[in-house]
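Shown below is the structure under consideration.
Going in written order, the chains are labelled A, B and C, and every chain counts its residues from 1.
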Amino acid sequence: MQGSVGRDVIATLIVSVILIWALPLMVGTYTLTVLAIYAMLGLSLGLIWGFGGILCFGQAAFFGLGAYTYAIAAINIGESTLPMIIAVIVPCIFAALLGAMMFYGRLGDVYLGVITLVVTLILFKFVNSTAGPAYTIGNARLGGYNGIPGFPTLNVPGRTDLYIWGDALYYLCAVALVLVYLGVTWLLRSSFGRIAVGIRENETRMSLIGYDVRIRKTVMFAIGAAIAGLAGALYANWGAIVTPGLFSLSQSAEIIIWCIVGGLGTRFGPLLGAAGLGYLKFLLGQQSMINNTMLMGLILVLFVLFLPRGVVPAAISVWRASVGRPRRTGRARAMRRNRRRDRDDG
Amino acid sequence: MAEPVLETQHLSMHFGGVVALDNVTFTLRRGELRCLIGPNGAGKSTFFKCLTGLLTPSEGHVLMQGEETTGWPPHQVAALGVGIKTQVPNVMDALSVQENIWLAARRFLPSAQADAKTREVIDRLALGAIARTDLGQLAHGERQQVELGFVAASDPWLVLLDEPAAGMTAGEVARMTEVIHELNRTAAVVIVEHDMQFIRSIASKVTVFHQGAILIEEDVEAVMSDPHVRNIYLGKKA
Amino acid sequence: MDLTIVILIEILYAVASLALISVGLAVVFGMMKVINLAHGEFMMMGGYATITAVNLGINVFVAMLIIAPLVVGAIGLVVERLVIRHLYGRLVDTMLATWGLSLFFIGIATVIFGNTTTGISTPIPGLTVGDYQINGYNLFIVVVSVLLMVALYLVLGRTRLGLIARGTMQRPDMASSLGYSPERIYMATFFCGSALSGLAGAILAPLVGLVPTSGGAYIAKAFITVIAGGPSLIAGLVSSASVFGVIDQIFTFAMSPVIGEVALLIAAVVLLRLLPQGITARFFRGRM
């Protein structure tokens, strides 16, 4: 297993370089930038849900928190390097506190879903109501439903006159995505990741072996939030405005749909789901025949009913079956079993 | 006499108005192998859960190597060096035998040493042929053995087993007996069990539970010939 | 004195409307252990059904109390047959699928009714208490909620139908061995739950400007009211609606409506942390 690590990294890098170079020949870099950001956001939920077994209905909260933190910090600081770092740290700490509250309370899956969903709503309602001039943080006005426009966007570290935008922002986001992907790969190969998968499979057994499940789930949750926060900060730079819509339920729903469609329990599935459905949304935005929300809803229902393990695991097992190596196809099925087992939590 | 590794003092457990455990004082000494028996509802499973931290007793104390562990969560109890096997097979279904056992080994060892430990345990339990099979595809007896693998991989000084022989074939029970004796060389062992055949083959001393309290503590032969025990528990079997 | 009465009525209204928006979800969750995340959209559709009927010249009370529940109940029946029945026992999958349905219905409503606000005027005039004006329609909502709770209690506790339903929910195998088909009981329950959601949406429609995304405003509140209530259907609903309604109103009076809602949601998070099984798992145990 250890020997294949180097090969895996090299393969990832080669494929990434080709994709990063080739995709702009087909799709505009402005669209590709946001797709890379969505992919990173999808990966963040894919990590904590697919491998950590944490059902989070509010991943958008960390995304929005990252975006808002960046905007507010950038206005106050006037350059972008430090705000990017703060925008990762703030959601991470927020998630650690929220996670500690939930996991130390030994709440079941359903309650986790409820609480994360409610927390997202609280943030949405709060930010939406901050239109008045009283709501400022330093020099930044929160702006309520109008959002925060006009903050300094990314610049080359140390050179506040050299902005990173357009094609350069695309390459930056793409490279960031590759780095996060490699980081997640490393994490899952590490003892921490393998133990996290053990916890996803059987919490009671892992605690009887002697692992403190609560702290490990909290850390996993916080790592996912940090990645979502990074995605949010990049999104703020791409859009040059942040609005309360980032915290909305439909944003949370979209992230979940990406993961379900792409496939939980894989690294590549949520990433592909995010980029694929993000591109579909972009195409639908150019016409008015089909309503986007309706289609996303329909996709979610159909996948839960007919392909609950998602595209990537299904494709892998079809490929294995045709090549004739049936080993390890039990995994995706086990993920599904786990979801079924949740009835006990109700 | 060897020093006690596990003690309970006046342990009681109430569920609402029901008394499941009533003032149980129990001592297990280093190197000892002890079976807990009793009819259904005698309190032995509740007692076991109070030891492992799955339940917090209403009153009384649990001490392990002299340290008070009453009310500790299971992971802290396990982290002391206590190997636990629960009644229902409790394994990671989507992971292979190797990965399952590695997780137990990794708790007390750095990664590379955990790999070596995993190989050693798999050899010891003769699980080599199924090492790469996912647990979800294994038979009940094999899953029970993997659970014993968890215990073996953590090099415990105290082993708590709840019905290790339940639902196993005769061959598997024989192997299980061997493994338990091997564990007993370095650890004190407590076994909750129904199967008298199995108890006869391993135990030196038996504690009989009845109505939430300890009825008698004797050698297995003495217990089985005790008329009172025969009456309440073994009457139909022995 | 007058102010006290007004505040009291406002609190009563807050509690009643919470109970009203949660009752459909509570029936479906309590009886079938299905969390219907499309509940808010069922309410939204109840509102649109009412407005459409009124625009066609039908009496507003007939539209609210009869047409809307029937329309939404029928939609619920279709949903149950096509989607929910394949997912019984899979709590998380049902949540995901119904979340998909909620997006689907928002999309449909946008296509049909457009993304603009519609509404009807409240059919009951205001009242004066001393120097204060109170909304007569709020009193109507209080009355409807109380009647609904009493009716639900009587149906579940005093009729054969309620007994069969409660029995099936606890032991599906037992009911089928007694000759009742659990499948039909689930169907009927989901119909009733959907109809109640539609009724709630219809009754609240005159108070809010209706847009296709209106359901989102209800779902979280309904959700936490039901979950915080715990296993006993009616006692849970009434107790958690009371707790949240009072908190909401206190903060609304002291600060602002938005702070009131935020306080309600924070209270819910804290309550779930303290009583993860809900209020009635600790108190009122064994009641309905």
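Just so we're on the same page, a contact is a pair of C-beta atoms (placed from the backbone, for glycine too) under 8 Å apart; a residue touches a chain by one contact, two chains touch by 3 or more.
Given the structure is predicted, the values throughout are model-derived calculations rather than measurements.
Distances from each chain's CA mean to the overall CA mean are smallest for chain A. Across the assembly, the mean Cα position most removed from that of chain B is the one of C. Centroid to centroid, with C-alpha atoms defining each point, chain A and chain B lie 42 Å apart.
Rounded to whole angstrom units, the spacing between the C-alpha centres of chain A and chain C is 32. Work out the mean CA point of chain B and of chain C, and you get 49 Å between them.
Looking at chain C, no residue sits in touch with two or more other chains. Across the complex, chain C is touched by residues 55, 101-102, 105-111, 113-115, 117-119, 121-122, 125-126, 128-129, 249-250, 253, 256-257, 260, 291-302, 304-305, 308, 339-340, 342-343, 345-346 of chain A.
Chain B meets chain A in the complex at residues 52, 73-76, 78-79, 84, 86, 90-95, 99-100, 102-104, 106-108, 111, 132, 134, 136-137, 150, 154. In the complex of the two chains, the chain A residues touching chain B come out as 191, 194-195, 197-198, 201-202, 204-213, 327-328, 330-331, 334-335, 337-338. Within the complex formed with chain A, the chain C residues making contact are 33, 35, 83, 86-87, 89-93, 95-97, 99-108, 110-111, 216, 219-220, 223-224, 227, 256, 258, 261-262, 265-266, 268-269, 272-273, 276.
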